[in-house]
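What follows is chain A paired twice: with chain B in the first complex and chain C in the second.
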Partner chain A sequence: MKKLTITLSLMLAFSPVLAENIYINGDVSSRCSIVQDTAGRWGNPSANVLTTLPASGGQVPIIRFDYTLANAYYASISTPISFSSSPSLTDSTVFTGVVSVTQTSSSDQSGYQAASTTPAANTRQYGLTIAGSTWFSATSVATHGGGNNTPFPSGSYTGIVVASCIAM
Partner chain B sequence: MNRFALLLLLITTSSSAHQMSPTYPKLGLTHIAGVKKVEMQIFNAREDVEFYEIGVFDVNWKPINFVSLYKIIKIDYLSTVKFDVYLTDADSLAAEYLCSRSKLRSDKNNQAMLATRICSRFK
Partner chain C sequence: MVWPQLSYSFDYTFGVTNNAAAFGNTWSMTPQYLGANGVDGMEINGIIYQYTAVKDKEDDFTVTVQNEKEGGGYVFQDKEDWSQKYGMTIRKSFALPYTPLAIFKEDGGAIVTTGTGSVVNPQVVYLHRFNRCFDPQSDPNCTGYVTPLPPKPPEFDMYDALEDEFVEEATKETDQDLIDKEEKEKEESEEKEEEEDLEILLAVGDNPLTMGDDFTQSSIIAQMNAALNISSYYAAKIPSIVYNEPLVMKEQKSLGNSKRILRSLGQDQLHNQMVEAQYQ
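Then we have the complex of A and B:
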């Protein structure tokens, strides 16, 4: 009996512990992405005008917002109010811009344009209230010379559209 | 079905995106008294962008002083970079947004270029 007790005690002492650590892994990824869907380009339909309108040889930039949380972000898009690079200009330039919703992943997002606000003259802000994807276009027109219609000097011109995804 | 389509869209077409997380960062304590820290990360899926500038702003979008190893961070295409942002206790009370903005090169003709900016909000 004593031998059996000792044997059992030894067996229990050296038996492996039948337990394992079970890990739970997870990554926190961004819930809002801004994607350049289509690059913008200015056309030059007349000497004193640069425009992104396709009818004038331009290309309207398209920006896509992907967001997987509803009521968590604003989309804010600003059209250029100056050139970030250009030849030396001798006259003033007037910039105008229009931002609009061009496509949505859900019909529930159809009210975005009507509900949008303009926190600044060149900026339109949208509340992203329905999770999904939304495509925005940002049309920009630059007119040189005011009433004088002074031609743009030859060279390359660059303007910047700023697309922001801002947490609510 | 809609969710599947959205998931497919996100997987297949997020090839030129800019992402930053977390969306609602929380400032934590550091080993220095009076200084708080938050850890962020940026993922660069924009092939045309190499650098991102970070900034901290109050509720009226006025810049707030902060310290980070670099204010303009080089992030290679399809790479993720983690960075720490340090704020004093006083500045942390006013800080509302932490933003990253893509820095663009002006070497292309007649372009209306796109700068992307993502702003997280302090909780």
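Then we have the complex of A and C:
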């Protein structure tokens, strides 16, 4: 194989050019962008609960989807089912989450929530059928210790809301 | 070596107005609603509005956010039809070419609804730029600023107490007896003068010389008075004081040399001869 390669090279060196590769370049800009409108924060109203509810000292994260094409994307948003970082936990933690449309750029998008689906327990998916912008909120509650109400160990806790544009 | 200096003027400031719908669903394009820059010099290039439509899905409901144009029509108008839809919070933004505030009708900002439903928590803000030198006199650093002339001194109305109706009222005589007495005396005086005039007229036919005597005597008395007045100046004596010379020269002889004295005498004699020669 190696030898064959050398032979071909020699032949090419003494022959006129018979073919050329012509490249075509192109860029595709996203028609769907995701922006964090409001950062989330867990409050700690009781020793074994972390929640984003404002009444408990938390802050609900808001995600904005901007999309210029109608009927081209799904908005998929998943709430945390585990901590991405936390102190060492000695007991189990139960996560619950709710995703909902909080704001739209058109009254025609007001039906998004009713038409949404839940492909997974912690995931809600919306068909983005009207071009524009839509704001979604993702509340999250983490309860430690199961029925024992075991307090969370002190430290820093982080969870991740995953938002994505999925082509239809 | 002289380097050219370039100067740039950054007269525009960019910003966002206050929430024009903070006090209700109608607003005026004035500083009260837009903030301090809501005056001439503001140019609007964008509108962002947000509200929550509260309604039942089955109800028909429309919401229109608009700005009327000075002279008729609309600078901006956007209608959202919520009929047969879920109530929701909506946020929309619009770009405009830079539009002077004067184009907007002053009281033309409104959120107008039709049908069954309501709008809560409305927010309408305007993206803008503001030319602080729209009026060059607003800032000495503006191009075209002209140093103003000093203000004219204020003109005061001079108060004349004599023309003050309240003063007149306050100083008005109020003693009716005294007023009556003065009027009575005045009337009596006038009546007396009329009687005297009448007597004189009646006497003209009987003794006209009497009137002539009165006039003659009056003129004589006047002349006498004038003479007396002048004679007092002639008779006046002005006192004077004599100031005697207190210095007395005891030695009365000349201290010059004799030759000079003789020359002087000779000159005097010559002078006298010349004077006498004029009369010969």
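Following the convention adopted for this analysis, the second predicted complex is superposed on the first by the 140 of 168 C-alpha atoms of A that agree within 3 Å, B and C clash if a C-alpha of one lies under 4 Å from a C-alpha of the other, contacts with A are read in each partner's own complex, and residues count from 1 in each chain.
Keep in mind that, in the parts below, a contact is a pair of C-beta atoms (placed from the backbone, for glycine too) under 8 Å apart; a residue touches a chain by one contact, two chains touch by 3 or more.
What you see is a predicted model, and the numbers here were worked out from it, not measured in a lab.
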Which superposed partner A:Ala114 touches (first chain B, second chain C, both, neither): second
Chain B versus chain C as contact partner of A:Val162, first or second or both or neither: first
Touching partner for A:Ser140 - first (chain B), second (chain C), both, neither: first
First (chain B), second (chain C), both or neither touched by A:Ala75: neither
Which superposed partner A:Ser106 touches (first chain B, second chain C, both, neither): both
First, second, both or neither for A:Leu128, with chain B first and chain C second: neither
Chain B versus chain C, judged by how many residues of chain A each one touches: B
Chain C-contacting residues of chain A that also contact chain B: 105-106, 133
Touch list for chain B against partner chain A, complex: 2, 5-6, 9-10, 13-24, 43, 45-46, 48, 97, 99, 101, 104, 106, 108-121
Complex interface listing, chain A residues touching chain B: 28-36, 39-44, 50, 52, 61, 63-64, 66, 68-69, 72-73, 80, 84-85, 105-106, 131-133, 138, 140, 156-168
Interface residues, chain A side, partner chain C - complex: 101-111, 113-114, 133, 135
Residues on chain C engaged by chain A in the complex (per definition of touch): 50, 53, 80-82, 85-92
